[in-house]
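A short write-up of the structure that comes next.
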Amino acid sequence: MHLLILAILIPFFAAALIPFLYRRIGKLNIGWFVLIVPLALFIILAMRIPDISAGDTIAATLEWIPSLGINFSIYLDGLSLILALLITGMGSLVILYSIYYLSPYDSLPHFYAYLLLFMGAMLGVVLSDNLLVLYVFWELTSISSFLLIAFWFHRKNSRYGAQKSLLITVFGGFGMLAGFIMLHTMTDTFSVREIAASISQYTDHALFYPAMFLVLLGAFTKSAQFPFHIWLPDAMEAPTPVSAYLHSATMVKAGIYLVARFTPIFGGTSAWFWTVTLVGLVTLFWGSFCAVRQTDLKALLAYSTISQLGLIMSLFGMGSAALYFGDGSDGALYGLATFAALFHLVNHSTFKGALFMVVGIVDHQVGTRDIRRLGGLISFLPITFTFAMIGSFSMAGLPFFNGFLSKEMFFTASLNSASLPIFSAGTWGWLIPVIAWTASVLTFVYCMIIVFRTFLGQPQLKKLDKKPVEPPIGMLISPAILSLLIVGIFFAPNLLGDHLLRPALGGVLPGMAGAAPHITAWHGFQPELWMTLGIIVIGGILYATLRYWKKVYSLIPDTWTFNNLYNRFLAGLENNSNTLTSFYMTGYLPHYFAYIFTFFVLVAGGTLVFTGALSIDFSNDAPVKPYEFLLVLVMMIAAVAILFVRSRLTSILLNGVLGFSIAILFVLFRAPDLALTQLVIETVTTVLFLLCFYFLPELKKDRIPRNAKIRNAAIAIAGGTTVVLIALSVHSGKLFESISSYFENSYELAGGKNIVNAILGDFRGFDTMLESLVLFIAGIGVYTLIRIKSGKEPKKNEDK
Amino acid sequence: MIQIILTIALSLFCLAILLALYRIIIGPSMPDRVVALDMIGVNLISGVAVFSVVLHTHAFLEVILIVGILAFISTLALARFVERGDIVEHKRNN
Amino acid sequence: MSIREIIEFAGALLILIGSVMAVISAIGILRLPDVYTRSHAATKSSTLAVLLSLTGTFIYFWASEDFISVRLLLGITFVFLTAPVAGHLITRAAYRSNVKLSESSTEDALKDVIARPQNPDNKSGDS
Amino acid sequence: MKINDVILKTVSKAAVLIIFTFGIYLFLSGHNEPGGGFIGGLVLASAFVLLFLSHDSETISDAIPLDFKKISALGVLIAFASSTVPMFFGQPFMSQSFGYFDLPIFGKTELATVTVFEAGVALTVIGVVVNIIFSISEDE
Amino acid sequence: MMNNIILLPMLLPILVGVVLIFLRAYGRIQAWFSIGVMAVSSGIAFYLLEQVQANGILRLDFGGWEPPFGILFVADSFSLLLVLTTTIVATIILLYALFSAGRFLQTTYFYPTILFLIAGVNGSFLTGDLFNLFVCFEVMLLSSYVLLTLGGNKRQLREAIKYVVINIVSSWFFLVALAYLYGAVGTLNMAHVSVRVAEAGQGPLLTTVSIIFLIVFSLKAGLLLYFWLPGSYSAPPAVTSALFGALLTKVGIYALFRVFSLIFYHQPEITHTIIGAMAAITLVGGSLGAIAFNDIRKIAAYNVVIAVGFILVGLAVSTPNAIEGAIYYLIHDMVIKALLFLLVGTIIALTGTAMLNKMSGLMKNYPMLGWSFFITMLSLAGVPPLSGFIGKVLVSEGAVESGAYGLLTLALLSSLFVLYSLLRIFKNSFWGETIVSKEDQVPLKKMLLVPCLMLVLLTVGLGLGTELISGYVTDAAETLLNPDIYIDAVMGGGES
Amino acid sequence: METLIILLVGVLTAVAIYLVLSKSLIRVILGTAIFSHAVHLLILSMGGLKKGTVPLLGEEAESYVDALPQALILTAIVISFAVTAFILVLAFRAYQELGTDDLEEMRGVNDE
């Protein structure tokens, strides 16, 4: 088995081992053992960097369902590698952090098992080449996220958040699955690479655009893009390490990864460009806009994550234009956006991870994350403050932090896109930089809030649960590493760019790895610089005047938020489905029969009439004798009379008359055996009826409304008519002679002169045998019904 | 000739059944109806017998006896029901 | 016409008479005033009718095919054995379940012998 | 309330006898004439019905101390087991065979395995019908 | 006559069942006998499945009468896969019964009736004769009536009446359909009917007749006409409802597949369109029903409805992928519905209520149960890599191929509803504050979890090990799509 | 003759449908009994009526009526008997437990 496949599987095995391991190790924190896994994987993956940056790719396959073309095909290229490193790297840091963060009262084995499950699933997502396997891991990430959000499942909010995230991401997942299936239908392969290679033949296929939008649906829900972003803030009910890991650094990037991965397939089209870009920009703006008003630090970070994800998404959208141009200089120009996207992807993980950890520390040390209760913590948590500042400033796009670099590139890309000569960008293109800039101003504002509202100002110790002190050193290691990275990347961006981003770019825009720019912090007085300066100035003003313009938020009615929409949708769904289901599932048998027979009349009768099957022909009829006519008359009268009698005994008598008359009809139609059986059965049935009547009440007048009676009569007559018409048509249009002439040799074949009996006992003896079994079961049933009553035997809890 | 007679006879039996059916439907009392049913049974016996003559077959002779037996049993059961409601007694009463 | 045919014809005639009897008794069951009298029509004349037709059938088969049907004889016996009992049971049931005698009846001979249940909503007394 | 049933009981004894004979006749003649296992069984069962009607369930259960559930089970078992026999002789399930034998008294007689099968069916029918009626009438 | 063995999955349960009648007093012995015979039957079914792969379709002519004159059993991969699943699932359910049922059920002909039910189910899968199918249905139905009423509490009796009467009417429809079919083509052997229908070219009249068959089997399968289902599946004890949920509707589905792929496949633009519409409405109705109630038994029952709709999407679409997917899903559904109902029954037994809003926090006290339920939930929603996944993918693919986007959307959305409906159970009953303290909790018999875990393993195994059965499923789908294979095996002279 | 019988079947069916649509359980059961009468006649008439003599080879006729439907009906009769017996007992047990034979009162949708 290839090492990479093993790399995916190791976390799963480790997760399975945890329950056993946990019992053995006694007091030692299980996290230390778990930490080994991502560290080892990180090292394994890191060792591939030289190969990958040299342009190599690695592929391996483990068979799952080869007959359907579904296999664990692993494909490692630059794009996968960068995410795989993020997953394992962040994973190591988060696990290290969580060892100190979680309380020993929490169920650690569960936590780490879920975390490992997630890690394996996420690695699977980024390494799979097979669409369906990718989907498998995709859903696994949703599930592990679900479990982690609900880690403290006794809290109502946790359950709520978990359900929301699962419903939304799985909904998107199903859409994505449909998209994948469409891709498979078009191209007849599940391999992403093969699809990408052959997609040019299918761009005119009717399924091309549906598939694109469905895949995007999956990506958008997972990456919390507008309007599916609503699950992410509620996902913050998860323990903070989880938020840092899944809900900012890795899992939410899966959607972005998907967009990147599918850019070679769908990119280069106008629909892809605009959808991805616009959804990204809207998310960017909306996320930052909402973030400003938050009072819970984690919620603020959640919205900021949404916003940043939107940013990356829009960059991938803009970058996809490069595919339209191919590898010319124009291509390189727009490919820059993609490069920026990849760059920001990494940067975001570093600074957002650090910020989450900081918030976790604050929460852990102080007991609250509410900005209104915080302030002035700088004197108690100076180290933490440093990390918070580094992270925030990076996110705000200030110089000396990696965020500045990618933000600048973002502006470049948006300006480039505004003047894009294709996709009718000329008309609406100006929107792109405008939205980008506005959102960035808001981003600046909330970044300032994080730092200054928490750490500066007057300490409000009375409002806090604990006296704040610096956390144990172990909790500071991870944010420290991340902060170092933030600064490190700013000063040596090309180390990252050349070794990781460039090959990744080749993964997103095939053949354009060479277009990767050399990252520089200083481009001269370009528009980008003015934009950044503008952000700082306007953002600073807005921050200072926040108190005054915050009223804007109250203008948005609560009832119209997407969150509210989601809640009302679910509640409405439950209520309405209850109303609707109770409306037709009345539990009232006659209703059900009315449905059934109406359906019969409509569908069977309808088919009969509309297909022109109706044909009636009397020539095939046997002649009618007067006494036969009289007998039939007797039966009809008896049958109709049953409807009108009020006494049950009379109806039984009439039923008996019917039964006896049918026996005589059997005689008339030369069926002695039938006549005999019918007679005896009829009598025994009558006796049974009488026996049971002793226990049953007298018939009451059917107190049903007049319209119901008319409706019933209509259904009855229509049903009878349908039966008659089909029977007449069948009789008139006999297609074949019966096989039964064969049975007329019964004497030679079965040694019996009674053909019917030979059929019953020999030719179709099996029917007879089973029929006796049926009779026997009925006998048992009658016995158990009468003799075994729930009251008489000791009740057991099972038969509720 | 014989066939015509037999057809007439059969029709008459059926007519008798029809008349008895009328009595079953109108009642008025339960025993009236039982009496009528009993009569239908008896007429059926005759009918089957005549019909076997019509068809020249012995195949239905069993049916005659069976109808006789069963008409008796059902009349008995019905009479019991009218009389007591409970057609099979649980305990012996002598 | 051979003797055989004459006998066959006689059988058919018996059947015809039987059928006429059946109709007459059916008319009786319609026209007679109460259940007790109607049961006469049902048991007596009907039994006669069935006897006639069964005998006719028996004769017919005997004549035409030399076939002596034990089953027919058994049937005749059975009907004769059970028809009176059936009639008896019904009338008794009628009496016990409080079915009124016709207005034209002159005497209720059993009035003092059998205590008729006085409960009018007897379970079986449905009409 | 005591009901004098002498006539009924006497007549029904005779009737039951006739029905029994007739039932067995029907069962045996089913191969060539109308009848057979089902009908025979049903007619025999109706004899029991008559007994129940004319007497009472306690008398009958005392007179015939059989568990009719088990009789019907036995019937099913016979029907199924007899059909499996051919399987042991390499024949398909349910293969029936018949032959003609010269027996001392009866002359040329047909013997058929299907009779065993039909006997099973008949037993089932009797057992079930009697069991049902018995169960209901025993219910309080 | 090696082929006699085809009969055994039906014959053995019957024989043992009848023998158990005589062993009424010995509950344990009955249980072990039943489990044993089911295990043996599943072994036989597997052996037969292998035989079919090697030698083609097997058939057994009862009494040696050549088709179409006698009755016969035909074992193709489709039938045998279902028989195999049935027997395996039944074995496990019986194990649960062994551990759960007290003397009460054990001495009330409970086991024999279950065996008869399974015999009826297996017979329905195997028979090659339409009238015999009716009789096998009746064996199954009668047993289900008895099982449904066993114990006879009010709710059971009330629901049983509806169930029985509706089924009587559906059996009536079956006979009507048979009468018409016999009147039109004069034969009952499925293969022979197929030959004759093909010869006559399935005119409008035969299409009309096929619609009546559609109604019949829809009633049995719960396709659109599922009114009887939620009530009756939620009334009886866990073991019975598990059997019902796993097996009963599947027989109807099987019959639909058989009849509309073997016999009436000439006018799909009418028949299959109607099936598609019915499946669509079923999906909607089932989905809404599944989230409408707080009674977890009802939620489970409506999940059965959804699955029926989903599988029938496969038939409506009838591309090779779709049929294959439907077969996968059918097998999956038998396993998972058994599991679902067992778990629901266990939850009710533990909490003493079936209402969602009255339970909470079971996870703390019964973690294994909780995880089993969690996996069941995912598997039912078709989340990979569990057993529901591959069927869902293939059916969806079939829908895409034939352009049935409406059905595709409904099918996928219904999975979401499945997920949500079960999530409600999971969220409310397993999560949340534990309201019962450790001391007060009803002890859960450890052994009860064993059958549940076996089914969990099965659903995981079927998902991961899809390749193991894919050969059989492909063969089954191929036979369904090429009626000639079946017809040749039955009518193609010579003794097999 | 077939037409006549088919019409009879239609009448019986209509009556039976009307009966099962009523809310008294006894009527519903009666309806099911009539359903089975109707379908037996339908099967018989679909096989063709009176096209020959009694299917007993002892009769030595030219042709016999179609024996197969007769065998099928026989099976169907017995099965419907079994079912009728069961539902009857079920009905009275339900009456004992629930105290009603009114289907309206057997809805039971709002219970636990």
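First chain written, first letter: the chains are A, B, C, D, E and F, and each begins at residue 1.
Note that a residue touches a chain if its C-beta (ideal position, glycine included) is under 8 Å from a C-beta of that chain, and two chains touch if they have at least 3 such contacts.
Computed from a prediction, not measured in an experiment: that's the story for all the values here.
Undergrad: Report the chain whose CA-based centre is farthest from the CA-based centre of subunit D.
TA: Checked the centroid distances; the maximum from subunit D is A.
Undergrad: E-F or A-F: which has the larger count of contacting C-beta pairs?
TA: Most contacts of the two pairs: A-F.
Undergrad: Centre-to-centre on C-alpha atoms, which chain is most distant from subunit F?
TA: A
Undergrad: Would you identify the chain whose C-alpha centroid lies closest to the centroid of all protein C-alpha atoms displayed?
TA: If one averages C-alpha positions chain by chain, the most central is E.
Undergrad: Using mean CA coordinates as chain centres, what's the subunit D-subunit E distance in Å?
TA: Result: the chain centres lie 37 Å from each other.
Undergrad: Report, in whole Å, the distance between the mean C-alpha point of subunit B and the mean C-alpha point of subunit C.
TA: Distance between chain centres, rounded to whole Å: 9 Å.
Undergrad: Return the distance between the CA-based centres of subunit D and subunit F, expressed in whole Å.
TA: Those two chain centres are 25 Å apart.
Undergrad: With chain centres taken as the means of their Cα atoms, state the distance from subunit A to subunit D in Å.
TA: Those two chain centres are 63 Å apart.
Undergrad: Residues touching two or more other chains, restricted to subunit D: which are they?
TA: 8, 15, 18, 22, 26, 32-35, 38, 43, 46, 49, 53, 69, 73, 76, 80, 94, 96, 128, 132-133, 135-138
Undergrad: In subunit F, what residues contact two or more other chains?
TA: Within subunit F, the residues that touch at least two other chains are 20, 28, 42, 46-47, 53-54, 56-58, 68, 74-75, 78-79, 82-83, 85-86, 89-91, 93, 103, 106, 108.
Undergrad: Residues of subunit B that touch two or more other chains: which are they?
TA: 10, 13, 15, 17, 27, 30, 34, 55, 59-60, 62-63, 65-66, 69-70, 72-73, 76-78, 80-88
Undergrad: Provide the residue numbers of subunit D that touch subunit C in the complex, in ascending order.
TA: 1, 7-8, 11, 14-15, 18, 22
Undergrad: Enumerate the contact residues on subunit E facing subunit F in the complex.
TA: Checking each residue of subunit E against subunit F gives 131, 135, 138, 142, 145-146, 149, 152-155, 157-162, 164-165, 168-169, 171-172, 175-176, 178-180, 182-183, 188, 231, 295, 353-355.
Undergrad: Can you check the complex and tell me which residues of subunit F touch subunit A?
TA: Listed in rising order, the residues of subunit F that touch subunit A are 1-15, 17-24, 26-28, 30, 33-34, 37-38, 40-42, 44-58, 64-68, 70-71, 73-75, 77-79, 81-86, 88-93, 95-96, 101-104, 106-109.
Undergrad: Spell out the residues on subunit C that touch subunit D in their complex, using ranges where they run on.
TA: 74, 77-78, 81-82, 85, 88-89, 117
Undergrad: Can you list the residues on subunit B that touch subunit A in the complex?
TA: Those residues of subunit B that touch subunit A are 7, 10-11, 13-15, 17-18, 21, 24-25, 27, 30, 33-34, 37, 40-41, 44, 47-48, 51, 55, 59-60, 62-63, 66-67, 70, 73-74, 77-78, 80-82, 85-88.
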